[in-house]
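In the two assemblies presented below, chain A is common to both, partnered first by chain B and then by chain C.
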Partner chain A sequence: MKLKQPIALVVLAVAVAASLGAGWLAHHSYADQSREFISAPPSAEFWLGTDELGRDRFARLLYGTRVSLLLAPAAALLSTLIAALIGGAAGFLGGRWERIVTAGVDLFLSLPWLFLLLAVRALLPLNTPPVTSVTITFLLLGCLGWAAPARIIRAGTRTLVNSDYLVQASASGISRWRLFWRHLLPNLRPILLAQFWISVPVFILSEANLGLLGLGVSEPLPSWGAMLRELENYSTVLRNPWMLAPAVLLVVVVSCLQLLLRTEESAPC
Partner chain B sequence: MLIRLAVVLSVGGALAAAASNELRFSVRNDPKTFNPLLVDDESSLAVRYLTGGVLIRLNRYTEELEGELATKWKVSENGRSIDFELRRGVRFSDGTPFTCQDVAYTMHQLMEPALHSPTGDAFRSAPGEVETQCAGPFQAKVRFPGPVAALAAQFDQAAVLSAVSPRKESAVLGPFELGEYKPGAYVLLRRNPNYWKRDANGHALPYLDSIRLEIQQNRELELLRFRRGELDLINKLDPDMYDRLSSQMPRVVVDAGPSLDWETVFFNQVQNAPLPEHKRRWFRSGDFRRAVSEAIRRDDIVRIVYHGHARAAAGPVSVANHFWLNPAVKPGSGSETTAMALLQHGGFRRSGGALVDSEGNKVEFSMITNAGNKLHERMLALIQQDLARLGIQLHVVPLDFPSLVERISRTFNYESVLMAWSNIDLDPSAQMNVWVSSASNHQWNPNQKSPETAWEAEIDQLMQAQNGSQDPSKRKAYFDQVQRIVADQAPILFLVNPNALSAVAPNVKNVTPSVVAPQVYWNADRLQVGGALVSRR
Partner chain C sequence: MLASGLLIQVSRQVRRIALTVLLGGLLGATLVRLGPGFGVDERELDSRLSAESQQAIRSQRARDNNIASFYFRYLAGLVHGDFGFSQSLNRPVSELLKERLPLTVVSLGYGVLGGISIGLALALLTVWWHAPGADIVPAVLSGLCLASPAAVIALVFLWLGPWIGEASRWAITLVVFPHVYRYAKNQLVATSQSPHVVAAQARGLSSWRVLWAHVFTPAAPQLAALAGISVSLAFGASIPIEVICDTPGIGQLAWRAALDRDLPLLVTITVLVALMTLVVNSLADIALALCAPSEGAAWNPRAAE
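== the complex of A and B ==
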């Protein structure tokens, strides 16, 4: 485990650095169409070949990584913060508040939020630039992704509230506000971090799934989801295995995040 | 294990088909109705085509009208009436004889206001009653209150009902009758034992014993089942599927050439649409629309998006429609220079990398399309780059289909749209609801009380003139002029006519694919499966 963690960190760092340095690393813009070289194999000019519109796959992979790897953690952070506030407060206050929040979480999880995403995309101004549109999509994913982590955080908070040191702190007359911020939240850190790391791959895959529905990132901006759509045609994939690059990168990144998550889980509090 | 045998039997002069003499193909959805008068969806249309007997049928291959239940017909009174000589000795599937009373009953039902028959709409030319007179059991005269354009051709869609059969619309005159329907699974059509038609050797048609329409929404599964031999044909293939199938089973794919369908772009020209004033001015400018049309490289769309299985479109008539095509109208050139010249004529200019109008507004607009349509998404990516060469920034917005329809037909909250149009009729009168300015399908600016532009007024007049005339050459001249105006004003930018692509298993015989729907099974009564017996006396 000691060796795996630094390797995972290095791989993730390389992926992030490559995506941020896409302008220097790629020979072409992600939007440029070389229409005479459609679906070309890898070459010195196009390292991962070109897609069906003649666009450089390597450039699109780097820029797509930027979109997926930077926005997914942001959405994960947002959802974890919301979950911490709602789940933490419910577990800390207990009683009626806890029952209301639990029922609310159950209700929230049972609703088909895909339709909200569809509706929001339909309501956005039509001239919304692709970058704004994808940012809003991830923000929405972040706002909608709090319910499952909130459940876990509530349960964790309950355990902490009943622990000896918090009962003792409460008995010694510390205000509930101070109890929550100074004594409870810091001890929830491992759970919060775990929820954050779990959410990152979930949001990356959600974006990919939205891309499969044609609702993710709009042209010409690339994303992993948009690139993964090409894999629907399996006979083409067999002939052009380099098309698998986004899937391989997705698996590598998600595996690295999972490795880091396990490290966090096993770390002493 | 089911062993399919091809057996030819001859018993007492009658020949019986093998049990496997069944044609199987997919339809997307359950039929909404089995009443031929109420058909308005693709699956019901397929059932009606295969079961309904009509007076006149359009031969999908020759594009000529042929007599079916009518042996002769004559249109008179400038399209207000039509006389039929009916075929004798014909019986419905339940044995009821076919007479003029059935034609009268069918016309009455078609025009019944309470029934709202979509098929009847084609015959509604003016307020008033439609009268059917029977001079004898086999002479019918149908008189309309106003001239009906291409009157004889309209009867291709009108399946004749029995006036007296207790089985109502289940008694049919077509080659097949409804056998069994399992919602969500299949529709089984059985051979109509009383079908009147015979082949050149005097053998009774149809050759097939049954047709099974499998209800299958998933196109990938449809392809998979075709590959496994569980389906005998795929009536419509997209270019990707065609190429995949072609690489593995080259003998089964059929490219019948450009279809009558269109891929189009149009701009929102609705006067009170929620658009900024300067954008409304752009979209209502003929120079701007033509410049965009000229800038789009249609050949690249054909080559890259359709893999060559489409034809660059010039106007509202496909090259497949030989008679009505105006060959003088050519597709946009894809020339940046021509497009820029038109834009400069319209008061636009380049400022830095961007195009600006005479007031300095940067030219950018959005184009919506239905989400999940890969062909449209690829087309939009190409158009986006073509327009970027002129300095125009195009925002691509895929929307779910209901939102798209809401915007283009109710709220008019859109700027431009890329959409496909399905066209099943060769005659331009079927396009009246697109070109007449008061029509609801005059999509760029529908339901106008009076034409808002001179060129729309001219199109209105020409369309009414061609619709009211029964002289084919005059009608052609009128519609040629409409095509010229449409090319000059570009209210709709016609991009391509996709080819009619299909797949037919090698065991299906007598297939002559057409570009007019239904492409592959239009001659279903003459199709044969495998070596199964095909003839009866």
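== the complex of A and C ==
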């Protein structure tokens, strides 16, 4: 049991390092098209073969990993910040504000997440430049994923607000602003961190689903979701099993993240 | 006392649903207004139309420019079952929903029931067979399913299609099962460690009887809440699954609407799915209040006060 956490950490560290060192590890750029090597099998030149446009799959996998592993945490950070602001303020202020926010969160949670994401994504142009599409996709994930963490942060804040040390601090005449920033927020850190780590795999999976549906990161920029689209052709996958590499890497990375989360949850306080 | 508590609960749920429809409708109408193509009518480009005809089209559209009247008419339409007109498919949205909704509901029904059954069965088995490592297989299986995007699960079942039948139902089952399994297992383990279970075991009751009567039955009200969560999960997963499995349901329709940027259609589907999720959640909440009034009081702020 104790081995699981270090193994997961090592796997994640290797994935992050490989994605950051994509420029050195891959022989080609993710967008380079070698017309003479269309759908080529793995070789010394192309470790995972090439796709139907002659692009190096290994390079695309590494750059795609970079996109997912760097931007999913960024989106998670954004959603946690929004959740901390909304949930924290509701729990701290209490009364009417808390009721309004709770009702809003309940309402937001009843809207199906992927349907909402599609509706907002459809508002934006589909033929955006790749970098803009990456930013839009992860910004949307961050902006729409705040409701569940906000509910937990509100409950955590409420518990803290009623704790002895905060009541004492409040009684000693500290301003509400200082109470919030100096005494409440630092003690909310464990909850915020947990919510952040919970959101990361959720956003990685959401991007993968969106990418597979053609609504995520646009070409030629690679992402795990976009690379999974190749798997739709079963007979091709059967002939070229190395095409499964993005799916395998995605499952391994998300499993490692979840393993770390579970270890964190079960750790004695 | 119980009846009045239940009545308060039902009225709260009805208010919540009404508020969702109202706000969802307003949000939807706003999205439709903000969406690209709003206020543009391609008929204006038709050179065969006379100036008077074009003017008539413009004045017909001008009433949409008034925000308040637009919202009012949009909501009134929703109430009367007029969900608008799909620009991309050139058909009334209500017609499209009538065609596709039953397929999704059946698929979701099988998937959710399958997921809940498998999840609960495995959780019960794990708790009953409390040998070290008894939960390895279900834990690994649930971990794998949780770490895979719904679309990839759908792909696997699509590949297995000829052997297993309806791929989308199986895929939804595997999306729902790990959530049910983990939650149910935690609940059952927590209940199995409570003093009344230890007392029942000490009196020599058979392990199945202890599990059923003293572990599962007390935990059942909390497990009922899983129905709502499962439906919500299944609806979310239905988009990639129906697209991959080429199932002509609501999920595929939403995806097409997103690609074609057909916001009236997409927004209506979103509000409708939210409404269905809310109704299931409310029914689960009311069932919980009926089965365990104390649980109901715990989450009913008024009763708790």
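By definition in this document, the second predicted complex is superposed on the first by the 232 of 269 C-alpha atoms of A that agree within 3 Å, B and C clash if a C-alpha of one lies under 4 Å from a C-alpha of the other, contacts with A are read in each partner's own complex, and residues count from 1 in each chain.
In this text, contacts are C-beta pairs under 8 Å (C-beta built on N, C-alpha and C of every residue); 3 or more make two chains touch, one makes a residue touch a chain.
Note that the coordinates shown come from a computational prediction; the quantities given were computed from them, not determined experimentally.
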By the touch definition at the top of the document, which applies to A:31: first (chain B), second (chain C), both, or neither? first
Let me test your reading of the model: by the given contact rule, A:52 touches which partner, first (chain B), second (chain C), both or neither? first
Under the stated touch criterion, which partner chain does A:233 make contact with: chain B (first), chain C (second), both, or neither? first
Kindly classify A:219 by the partners it touches after superposition: chain B alone (first), chain C alone (second), both, or neither? first
Does chain B (first) or chain C (second) touch A:100, or do both, or does neither? neither
State whether A:121 touches chain B only (first), chain C only (second), both chains, or neither. both
If you stack the two complexes on chain A, which partner ends up touching A:10: first (chain B), second (chain C), both, or neither? neither
Is the number of chain A residues in contact higher for chain B or for chain C? C
Doubly contacted chain A residues - partners chain C and chain B: 118, 121-122, 126, 213-215
Residues of chain C touching chain A in their complex? 16, 19-20, 23-24, 31, 34-36, 143-144, 146-152, 155, 158-159, 232, 235-237, 239-240, 243-244, 254-255, 257-259, 261-263, 266-267, 269-270, 273-274, 277-278, 281
Partner chain A, residues of chain B touching it in the complex: 240, 244, 247-248, 300, 304, 364-366, 368, 371-374, 377-378, 380-382, 384-385, 395-400, 403, 413-415
Of all residues in chain A, those that touch chain C in their complex: 103, 106-107, 110-116, 118-123, 125-126, 201, 205, 208-209, 212-215, 225, 228, 231-232, 234, 237, 247, 250-252, 254-255, 258-259
Show which residues of chain A lie in contact with chain B when the two form their complex. 31, 33, 35, 38, 52-54, 118, 121-122, 126-130, 213-215, 218-220, 229, 233, 235-236
